[in-house]
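The following blocks contain the structures, represented as structure tokens.
Across the two complexes that follow, chain A remains constant while its partner is chain B and subsequently chain C.
Up next is the complex of A and B:
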């Protein structure tokens, strides 16, 4: 009974699928491909259901489509109020289906235009705020940041001198990286040397990103191996 | 011509101007309009998943019709429909079968798939990382220091852990900040080009 319970458990299924994916390390094989197709199918189904409940239902179905269907006696339940303004996104959403008929497929450009226009418009002030102003504010060496330096010193147990020197390094390095990406001026002389310092900062950053990415993957790998050992009752935590 | 090119261009311009200007109007009605438009864009955007799923299903069905990899395509189709229906009919609550399948099938598959990359990244690094010049040497040394600092060696060698933390928080931060500012400028430039109709690639042919 114990073995049967173990054999037909969710954990055994998860372990089998884990081993199926790991089998790719030897070579591509039918078991791996089965797990791969299962993964794609499940991900698409999961994505569809979650998009429906998190995005489509509260923003389109509940305010407009479900109340209309209730009035047409296609759905039961407590009568929901109709928000007629939502006829606009409903029409735009339905225009996606125009792609089915080649003659009217150009109509799909309208929902794209709505999304792209609104997204681009909203992105301008937000990108300026988050990606430029905030980044510059945190880079500039000025008195409002001093409390931040003290907090950093406490957090990492670095002396205030190290934190302040680091802040100067960040300031100069950010300028150097920007100088490297500024192509309107030829990279020659003192400016060229400064831009070259930018490349060095970029390389150090890429090395750090690479190292942390590798460790994140290893962490996942260790997690999967520990799961297999736990499934086999070799380790208990 | 009007519906296929002019109307989409007008719509992009109008929505772009509305989207950008609402940020600067502190009036409650402007904030309310901004919220409504955001909800509409989520609703319209979410409907696009129908297109994506339809395209995927069409591909699998075509493969089945051609008799190409029947078992695999069947598995993908059944799991797609099964998962979607389980979610739509049975709900997505924490004790639902939908969540059980997600936690016990999809999460292990996902984690294992990404953990495989550990092997390939290591193998690629072994082949590609050569200290050919100053830049490549710096990249190599930084990567090694960060890997050692994060690993258990960093627990006993505190100087290594401190150095790794400093690399992550100082030069790495500076590099990311420089790139973020560049990306921000690029986003603004591209958005302006789209709104003004200079960039029209999104309309296709």
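Up next is the complex of A and C:
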């Protein structure tokens, strides 16, 4: 009974699917394909349900569609008020479906244009703020008399001279990286060498990021292996 | 005993709260009021148990809006208020002996929405400056002046990759990542997709585009169709090759891996917004020997793509792709304007750093005006 219970438990199914996905490390095979299709199919279905209940129902069905259906006597229950403003996003949403008919598929450009305009309008000022102004603020060095230096010095037990040199390195590196992303001039001569320094700086940064993320991935792998060991009752925690 | 009780009843303790300031929260959409206060210097804060914020609306009632704040608190923001309605506040200080004292009632304050976020004026100035440069270069481009940009290695390899896949008789795989259609990286990916689709049509190769987002899928279908049309081969366009896979991150990665292993594409393009799935996809592509060209602005994923793919477009290189590949004068004008903005930023950083150093050495913070101006929204 104990073995059967273990064999037909959800844990066994999860372990089987984990091993099926891991089997891809050897080569693509039918077991991996089964797990892949199951994963893709389930996640697509789950995604649809989530979209319906978290986006479509509260933002379209409840305030607009259901009250209309109630008035058409297609649905019962307590009469809900109709929010007529919702007719605009509803029409925009329906225009997405125009792609089904080749004759009217051009209509999909209307919601696209709206979405792209809105998205760009929201993203550009935010990008100016987060990607440019904040970087400028951090690159303009703090004076040695100011708190920023004192904090760094205290945090890393560095002398003020070391902190100052590190700040200079950051300052020059930022300028070099900016020079690398300058597209109007070819990377030749002294300017080319400065831009080359910029890409080296980027690669050093990417290397550090690579290392720390690999460690995070290892911890995910360890988590999964621990699950398998727990499933096999080799470890108990 | 009686005298003690009478003394307790009739003694008037001053409120420890002084200088209660109530104001409309600046730079917001309204509905928020900020309260700031100080404690009397001779107040014994150790005797205070907690403080409550009390709000009086136009009906005159006084509900508690903040329960049991610590006696060290000096600021509170009241939210979910109605714009245009006056509100007054006072602070009730509860002592450990169970008694309480109310502060003076503030004058009425009306929460309102502001049209201009004053801390974002620096961003507005930069935006206007960029707009002016853009108009200048657009005019130049329209006059027929030749605008050039330097070669970008990853983009030069696009045509070669399509050609190689064609020679091998294998399809092309284009992955747009997890971004939505309003993500700048996705838009840049779509611009590259158009060029790849044109080349695929020219070489009569198949191009497969599995999508994470249904709206991106519709945009990708339009883009590929347009690419085939512009290449003069609309008959080769197959709508079924641009399809929705799933909108689950790792389900998407598993699906792409399966496609790579089964269809064995000759060239793989990873262009868009990527997250933790980037290395899974890029490693699988590497394992089948496909030529891979990646491009993203996701800083945390760039290291993986650089390590696992043949060419990587780093951040703005990807954004410049559209102009580089199409050679459209209008697009080239935007790159020129951006380059000038970079020069301006370099200048501002240099001048700002020097002025900041002067401010530090002289102790006169008025030299920090550049930093102060740009710090408005940055802090």
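Throughout what follows, the second predicted complex is superposed on the first by the 198 of 237 C-alpha atoms of A that agree within 3 Å, B and C clash if a C-alpha of one lies under 4 Å from a C-alpha of the other, contacts with A are read in each partner's own complex, and residues count from 1 in each chain.
FYI, contacts are C-beta pairs under 8 Å (C-beta built on N, C-alpha and C of every residue); 3 or more make two chains touch, one makes a residue touch a chain.
Because the structure is a prediction, the values reported are computed rather than measured.
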Should A:223 be classified as contacting the first partner (chain B), the second (chain C), both, or neither?
-> first
Name the contact category of A:87: first (chain B only), second (chain C only), both, or neither.
-> neither
Pick one for A:137: touches chain B only (first), chain C only (second), both, or neither.
-> second
First (chain B), second (chain C), both or neither: which does A:28 touch?
-> second
Is it chain B or chain C that touches the larger share of residues in chain A?
-> B
Identify the partner contact of A:185: answer first if only chain B is touched, second if only chain C is, both if each is, neither if none is.
-> second
For A:14, is the partner it touches chain B (first), chain C (second), both, or none of the two (neither)?
-> first
Determine, under the contact definition given at the top, whether A:79 touches first (chain B), second (chain C), both, or neither.
-> neither
On chain A, positions contacted by chain B and by chain C = 21, 24, 33, 35-36, 39-44, 46-47, 96, 99, 109, 112, 115-116, 118-120, 122-125, 127-128, 132, 136, 139, 174, 178, 181, 202-203, 206-207, 209-210, 213, 217
Across the complex, what residues on chain B touch chain A?
-> 3-4, 7-9, 11-24, 34, 36-53, 56, 69, 71-73, 75-88, 92, 98, 100-119, 121-122, 125, 134-136, 138-147, 150-151, 162, 165-185, 187-188, 190-192, 194-195, 202-204
Going by the contact rule at the top, pick out the chain A residues touching chain C in the complex.
-> 21, 24, 27-28, 32-33, 35-36, 39-44, 46-47, 96, 99, 108-109, 112, 115-116, 118-120, 122-125, 127-129, 132-134, 136-137, 139-146, 171, 174-175, 178-179, 181-187, 202-203, 206-207, 209-210, 213, 217
Per the touch rule, the chain C residues reaching chain A in their complex are 120, 122-123, 126-127, 148-152, 180-184, 187, 215, 218-219, 221-222, 244-248, 250-252, 254-255, 257-258, 261-262, 279, 299-300, 302-304, 306-307, 314-317, 320, 335-336, 338-339, 342-343, 345-346, 348-350, 352-353, 356-357, 359-361, 363, 370-371, 374-375, 377-379
Within their complex, chain A touches chain B through residues 10-11, 13-15, 17-18, 21-22, 24-25, 33-53, 55-56, 59-60, 85-86, 88-90, 92-94, 96-97, 99, 106-107, 109-128, 130-132, 135-136, 138-139, 152, 156, 158, 162, 166, 169-170, 173-174, 176-178, 180-181, 198-215, 217-218, 220-221, 223-224, 227
